[in-house]
Amino acid sequence: MIVVMDAKASARDISDVIARIRAMGFDVHLSEGKERTIIGVIGRGRPIDREQIGLMSGVQNVMPVSHPYKIASREYHPDDTLIPLNGVQVGGTDLAIIAGPCSVEDRAQIIEIAHAVREAGATALRGGAFKPRSSPYSFQGLGEEGLKYLADARAETGLPVITEVMDPQAVPLVCQYADVLQIGARNMQNYTLLHAVGESQHPVLLKRGMSSTIEELLMSAEYILSHGNMRVMLCERGIRTFETATRNTFDINAIPVLKQASHLPVIADPSHGTGKWEYVESVSLAAIAAGADGLILEVHHDPENAQSDGRQSLKPEKFAALVEKTRQLAPIVGRQFPVRETVR
Amino acid sequence: MIVVMDAKASARDISDVIARIRAMGFDVHLSEGKERTIIGVIGRGRPIDREQIGLMSGVQNVMPVSHPYKIASREYHPDDTLIPLNGVQVGGTDLAIIAGPCSVEDRAQIIEIAHAVREAGATALRGGAFKPRSSPYSFQGLGEEGLKYLADARAETGLPVITEVMDPQAVPLVCQYADVLQIGARNMQNYTLLHAVGESQHPVLLKRGMSSTIEELLMSAEYILSHGNMRVMLCERGIRTFETATRNTFDINAIPVLKQASHLPVIADPSHGTGKWEYVESVSLAAIAAGADGLILEVHHDPENAQSDGRQSLKPEKFAALVEKTRQLAPIVGRQFPVRETVR
Amino acid sequence: MIVVMDAKASARDISDVIARIRAMGFDVHLSEGKERTIIGVIGRGRPIDREQIGLMSGVQNVMPVSHPYKIASREYHPDDTLIPLNGVQVGGTDLAIIAGPCSVEDRAQIIEIAHAVREAGATALRGGAFKPRSSPYSFQGLGEEGLKYLADARAETGLPVITEVMDPQAVPLVCQYADVLQIGARNMQNYTLLHAVGESQHPVLLKRGMSSTIEELLMSAEYILSHGNMRVMLCERGIRTFETATRNTFDINAIPVLKQASHLPVIADPSHGTGKWEYVESVSLAAIAAGADGLILEVHHDPENAQSDGRQSLKPEKFAALVEKTRQLAPIVGRQFPVRETVR
Amino acid sequence: MIVVMDAKASARDISDVIARIRAMGFDVHLSEGKERTIIGVIGRGRPIDREQIGLMSGVQNVMPVSHPYKIASREYHPDDTLIPLNGVQVGGTDLAIIAGPCSVEDRAQIIEIAHAVREAGATALRGGAFKPRSSPYSFQGLGEEGLKYLADARAETGLPVITEVMDPQAVPLVCQYADVLQIGARNMQNYTLLHAVGESQHPVLLKRGMSSTIEELLMSAEYILSHGNMRVMLCERGIRTFETATRNTFDINAIPVLKQASHLPVIADPSHGTGKWEYVESVSLAAIAAGADGLILEVHHDPENAQSDGRQSLKPEKFAALVEKTRQLAPIVGRQFPVRETVR
């Protein structure tokens, strides 16, 4: 951290800042210029709250040199974190494909779709039982009943299940049914929930908030990691911009940025990233080409009658075609698409 | 709602859409053009999920004519909602000024600041006991201890207390201490929490999410209102844009837009809206001039040593000067600043 | 400027950076920490291109301490720049109100509106002869004919004329007719045009680009100022954000930020800032309350038949009411509304 | 186009709107609902200015059904437009790779880089002679001298030259030297310039403005196309968002959206889209995977001493490696990388 003192800062201001930094267990290095003094903060420790220093008399600016997250960083953990999922090592050379409907609607629906995506090559099944909806009048999901149907679908197909949890209190319940807990974009900074899933020690897929920076995503991951729960997959799902031609703007840059900054696996969600099924294949291939460790995709056998997100759901045959293209693309970017032997 | 059929839609497509709309209890009006057919949805009812229709075969576009919220709308409730707060009718001609520190740090601090803001003319006291922080390593608030200190400050000064609740489970606890529950920007779409505060029947200050649209803010209010809890104040606190000179971009437009669209009171938060104390006075006066029903401001007697948000906190003397200017401005925009007789 | 060297930078890297900075005429101050070396650049001179240093081997980050503009800054010119306009000193305590139609449509229209706004108290007349339109099929303005009608309106009412110039070649022509040249938002970074209006020595109203930062606005002003043309008014006209309830998001924060950072006058454009006439009064009062030196407003006697921007144009009676409210507000914020004796 | 009348619109309002639409040469279709009347505009013609109707008494909203551009649309021209460039058919199955430095710095530099990119497989050479820089104190390009060096580089390597033109007056000059005129992001809505390059009948690469929507990009293309100049390549180069980890956010979604909406070729610019050379390869491969017709890339043999954009420039060996990966990727997405026989 670097503290830039104001041109008008007094000697007393400067010595106060130095004393405070030292009181926090750091050393300082002084650079006294003609115009101003600059104080370098030296040593390792817990991240300092920049604001505290920034408010001191005579301080013009406080600039971070390193990032505010630690366990999530590649400096802390240089090797890729690998998370096993149905025989795939997510984060390694294997690609993972998570697929299924936005919402679990009934037992038959989720089982039918589970069979379809398994046949096409999916690694895991997604499906929402608790749905965050902007309107209180929209379908809110089947709740625990939906979780049971997901478990039934797993029993039928062998596919592990990933599903969203919205309520900290519901974490133990969802852990009973789900193999991976999903934190939705709207809850990326719901810290009570992050603590709860961290404590659960269950694998987590953490979606980026629709207007969260990459750094904030890693800070939210840090909440989970700080409980010793290292099985966190990061998910880029599009950000909110001025563009309205698509539901969100898929931030393709985030993929190489996250892979460089962190050791955690990165999953791409082109369904939410575009909001329209006709663009999902293009952006899925793009995400893999950019270095994503896998995809999470909405698939529905009858999108027109889906309870939610039908507009962005692929039909099973389109999904199968996309998986096939991904399989061809994989070796070009040093990946493989595992021949999976699912144990039922 | 208007359904625009594709130029290539078949007669069957059109009749299917009509049948579906009718099955939902609405009537239709058909406009058959040379290029395409347009179907108007007629009648009143629960908002329809546009997506469901939008996915049907042959449908090009579905456009809303009315908004998706109902109880929050001025059509539903033409008169301004008034919420009593310490003798002020928030939402009427009275202006409300809520002030206090970002975080409750200790008993002495909150009591000292409470006295200072009361003397300057504040209507209510703010202060955070549970703090949403982007880093797990930052100060997270004093928790219940902080709530107790707030209650002590109320006992000392007579100022009602507004404080944030982050955890649905903690709502009953916070209701014991707080006069108004604050929903923070990061939790604006934490629906579990919205349901919980709706059920509590406690007054609520609902902050706009940093990248939430005005419509989404009203939809989140609708969650609370749908429980019959009508005492909801909306809070504009700045949105996230590309501009980095200020912490957020205070959306001044949102004030007249919200006042026109809804009957609920609108409170402005220039502290978060700018992020720098030196801009807070200008933007506070702007917000009142634009029609806000009140202000919520961060005030700290020692910002340089504040645990959080010191950069945007006014010192008590600056706050007092701002209140004085607000008092002068009030009659220009048809408002009054009540001479308050606080009962101790 | 501060150069943060990478933890892995070699001694040679460091000495190369130092040599380069010295070759540019600056001195350096070295801060050698345990983890990394930091180099402070000392002395005054022309702004350095950060990129050049940033690319050198071993450099992790280059951080500016001062801003990249110079003549536009308040450090360079601490006193407010005053620009005379029809007896008003724009930038001083006087408020300026520039009003008129988006486009000059015909001679009668501009003269009728000029009389109306003059009567209501306007300082100057706006009206577009060259119109930047997103569609090549929309009305593009009357061109030189429009300029002549503007001059006629000035002759009739005594109001000075402000009009947009889009083409560098057309600058001399527009200078013949206009008292103030307007640079539109879309041309804020059209550097050929900025050079041309700088050279013209004519007063300029420079609009902020719809997605330009405040710093970029000041850099564009710097282009004009660097020709010795000091009569530049900055104009906040709303920025592009995710919010769609209004045409743009008026950045109220920009007003105090610009007044603090620069000595140039700041004019607010709530017509474009909101895009809807019903919000213009609220945001106009807000802008004045926040410290703007004046307003530029679209006024049309027949908005429904306006060739452009009718949606955001005030009718003359609404404009007159707004001027009256501004007059009442002015003394609250230390401003005055001059009783003007226009010489006809 | 659909005109939604207000619930309170009078019969007179409705008949006025109908009369006006008919006066414009369109027919109407009326849908009279219980709450409101909706008027469909029927027939084909020049796009109507929505604003004009939107301002009429009793009109609540005017919604477009079709897009405001015409010649740029795929409906108007269903087949892909092919633009020949050095033996490559840009917009067909061939991939085009345009590469070179940000700025032409001297004769030796551009010739050295031209040889390097040609050897690696580039289709054309880029290089700026006129540079739009946010600071008037930064290097502004060599001007005509730079154009001459570009022509020399073409003579030496056979690579066609693409270079930016900023000044409408300079279009004839630049046409003498350049094979393709580039319109930079800051000038995307510089209509005087768009008209000038349209008239020139020279091939154009049109960059998307940093905060322009996809629709606005197509509208700007329409300006050029409306002069009968059909050789327009669209260029996605990243948009401005809240994210600061990268210089811009490359809008990968824009590629399939543009390919679906328009027949014009789409070129991706990952150098500006990311701003950091270490992310350029990932995003280049992503763009090709998403359906781009080619890439434009900044390459410099000595980025650390580049006059501009060194931070995002690839060294020739990294560029060669990227071309090789692109060559491998091409067949997976139905593309080919032509074996080019450049005539020297």
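Per-chain residue numbering starts at 1, and chain names A, B, C and D are given in the order in which the chains are listed.
Keep this in mind: a contact is a pair of C-beta atoms (placed from the backbone, for glycine too) under 8 Å apart; a residue touches a chain by one contact, two chains touch by 3 or more.
All values derive from a computational prediction rather than experimental measurement.
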Winner on C-beta contact pairs when A-B is weighed against B-D: A-B
Whole-Å gap separating subunit A and subunit D, where each centre is the average of the chain's CA atoms: 32
Rounded Å distance, subunit B centre to subunit D centre (Cα mean): 40
Distance from subunit B to subunit A - Cα centre to Cα centre, in angstrom: 27
Where subunit D touches two or more other chains at once, by residue number: 211, 240-242, 244
Chain contact graph, described as a line, ring, star, complete graph or other shape: complete
Touch list for subunit C against partner subunit A, complex: 2, 4, 27, 29-36, 38, 40, 42-44, 60-61, 63, 65, 211, 240-242, 244
Parts of subunit C lying in touch with subunit D, wherever the complex brings them together: 46-47, 49, 51-52, 54-57, 68-69, 132-140, 166-169, 186-187, 189-192, 210-211, 216, 219-220, 222-223, 226, 240, 303-311
Footprint of subunit B on subunit C - complex, ascending: 211, 213-215, 238-239, 241-246, 249-257, 260, 273-274, 278-279, 282-283, 285-291, 325, 328-329, 332-333
